[in-house]
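Structures incoming, each one as structure tokens.
In the two assemblies presented below, chain A is common to both, partnered first by chain B and then by chain C.
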Partner chain A sequence: MTMNLFNQFLSPTFLGLPLIAIALMAPCLLYPSPAPWWQSNRWTTLQNWFIGSFIKQTLSPINTKGHSWALLLATLMVFLITLNTLGLLPYTFTPTTQLSLNMAFAVPLWLATVIMGFRNSPTHALGHLLPEGTPTPLVPILIIIESISLLIRPLALGVRLTANLTAGHLLIQLVSSAAFSLLLSQTTAASLAVGLLLLLTILEIAVAMIQAYVFVLLLSLYLQENV
Partner chain B sequence: MAGHDAGSQHQFTGMAKYFNSYTITGRRNYVLATYASLAAIFLFFKLKPKKQPAVTEK
Partner chain C sequence: MPQLNPAPWFLILVFSWLIFLALMPPKILTHQFPHEPSTLTAHKPKANSWTWAWQ
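Presenting the complex of A and B:
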């Protein structure tokens, strides 16, 4: 029984070839490319509006130096939101349930913000490791605590996304298994389970979008601190 | 950003001029001193010669 629950998270392979590569290409195939003419169609206009609003909101607190991250943050947001929501379809694989993928996003991007901060203004980057106005006896311990909190950021970023999506998929499988097994014997309990499953699915759609947004928002905050 | 301090309202003398938690350079120096102390403690224990038990003749 335990093996069945986690089988959905095994990275799929076909004849030894990893299918995760195809799963990762899915978002690229779904979105229209910008057209060469003045007025695009409705889908492209909607896409452009979404990306424009998102970038405007994300980059407004960041100064001009950080605006070169606009393309990266917009791409990351669209990519994550698409992977997360596509994974809610039946019989699909969600690449963002893999910790390796999420850490591969989190660690290089976080490290890039830290290196940028140390390169542009090392004094400010180091000075922010000690909160202003700290009493002298607390200084060493607080520096250690702040350093640990800095180093734990990429881990938190990756694990947050992985854990939220994995937990959601697991819950959906558990509740749907319960509903299916109770369908013939206890119809009332099964109908309650189906109702719960419906609410859970709505919640998971929201979580899928929110977690993608939180990932990119936190990255933009780390960028804001270092630029 | 909140907490940005020009440090002009604080008049520090002596060691406090270089090590304080109000100016950005003071905070930086505190951080560097803490990291240097931790590195020194680590190196001390790493390079300390290990005591060998005395060999007694039978």
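Presenting the complex of A and C:
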């Protein structure tokens, strides 16, 4: 019966039409483009502040050549944080629980940073594979280890986001079904479970935002290394 | 795990990148930042001591 718990992550289809497309459109629908007025409304002002401060924070450690990634990083951040937080509402589907989506973003973007690094300064990029001050006998092993850690980055990036969100949603479903089934027979246990559920929901809101941030932050770090 | 079902993988990739490249950037780009931040001309203000007005 544990397989039933994972059914919430089945990419939803209705009459053969994939509903994940509608779920992916949600961020576009929630952020109306700002009008060219001097004084914008509260929602637009909030977005503006968020995008401005996020880009300032993310791009300050990166040198000027990497600043062309600003739009991509800002879009990615807004996209991921919206998808993650919207998925916490009841009866919504979180596209970022799909490994396919997260890998679809992680692999090309990581590969882009690596290719940029190898094209612009191949020696510097290869130099990352050997930390400074390594004793000579350890050099071959360390190069292998560093190469593996480089190649595992996109996998880690995608799986981190997937696993965090999937685990959170799974826990919420488990605890809520426990609370519901215990409601009439053991009300005290059920109320404890509801308390746990409240704390869990708060945690999941935090995790949703943090994981989106971590994804983009790590990408900016990979960019920083290669630019 | 239903996430590992390879059937919708390509479709999800195409859809998500389509929306990420075509629909989201115009919304982010239309945000304007009229005050250009310039780190070179910024100077730290003098540290004035501050206290409540009634003390």
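Convention: the second predicted complex is superposed on the first by the 227 of 227 C-alpha atoms of A that agree within 3 Å, B and C clash if a C-alpha of one lies under 4 Å from a C-alpha of the other, contacts with A are read in each partner's own complex, and residues count from 1 in each chain.
By definition in this document, a contact is a pair of C-beta atoms (placed from the backbone, for glycine too) under 8 Å apart; a residue touches a chain by one contact, two chains touch by 3 or more.
From a predicted model like this one, the values you see are computed outputs, not experimental measurements.
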Tell me the contact category for A:104 with respect to chain B and chain C: first, second, both or neither. second
After the superposition on A, what does A:41 contact: first (chain B), second (chain C), both or neither? neither
Which of chain B and chain C A:130 touches, first, second, both or neither: first
Looking at chain A, which partner touches more of its residues: chain C or chain B? C
Tell me which partner A:143 touches in the superposition: chain B (first), chain C (second), both or neither. first
For A:225, using the defined touch cut-off, is the partner it touches chain B, chain C, both, or neither? Pick first, second, both or neither. first
By the touch definition at the top of the document, which applies to A:24: first (chain B), second (chain C), both, or neither? second
Residue overlap on chain A between the chain B contact set and the chain C contact set? none
Chain B residues touching chain A in their complex are 1, 3, 5, 21-22, 24-25, 27-28, 30-32, 34-35, 37-38
Under the stated contact criterion, what part of chain C meets chain A in this complex? 1-5, 8-9, 11-13, 15-17, 19-20, 23-33, 37
Tell me, which parts of chain A touch chain C in their complex? 6-7, 9-11, 18, 20-21, 24-25, 27-28, 31-34, 44, 47-48, 51-52, 56, 71, 74-76, 78-79, 95, 97-101, 104-105, 162, 166
Contacts from chain A onto chain B in the complex sit at residues 122-124, 126-136, 139-140, 143-144, 224-225
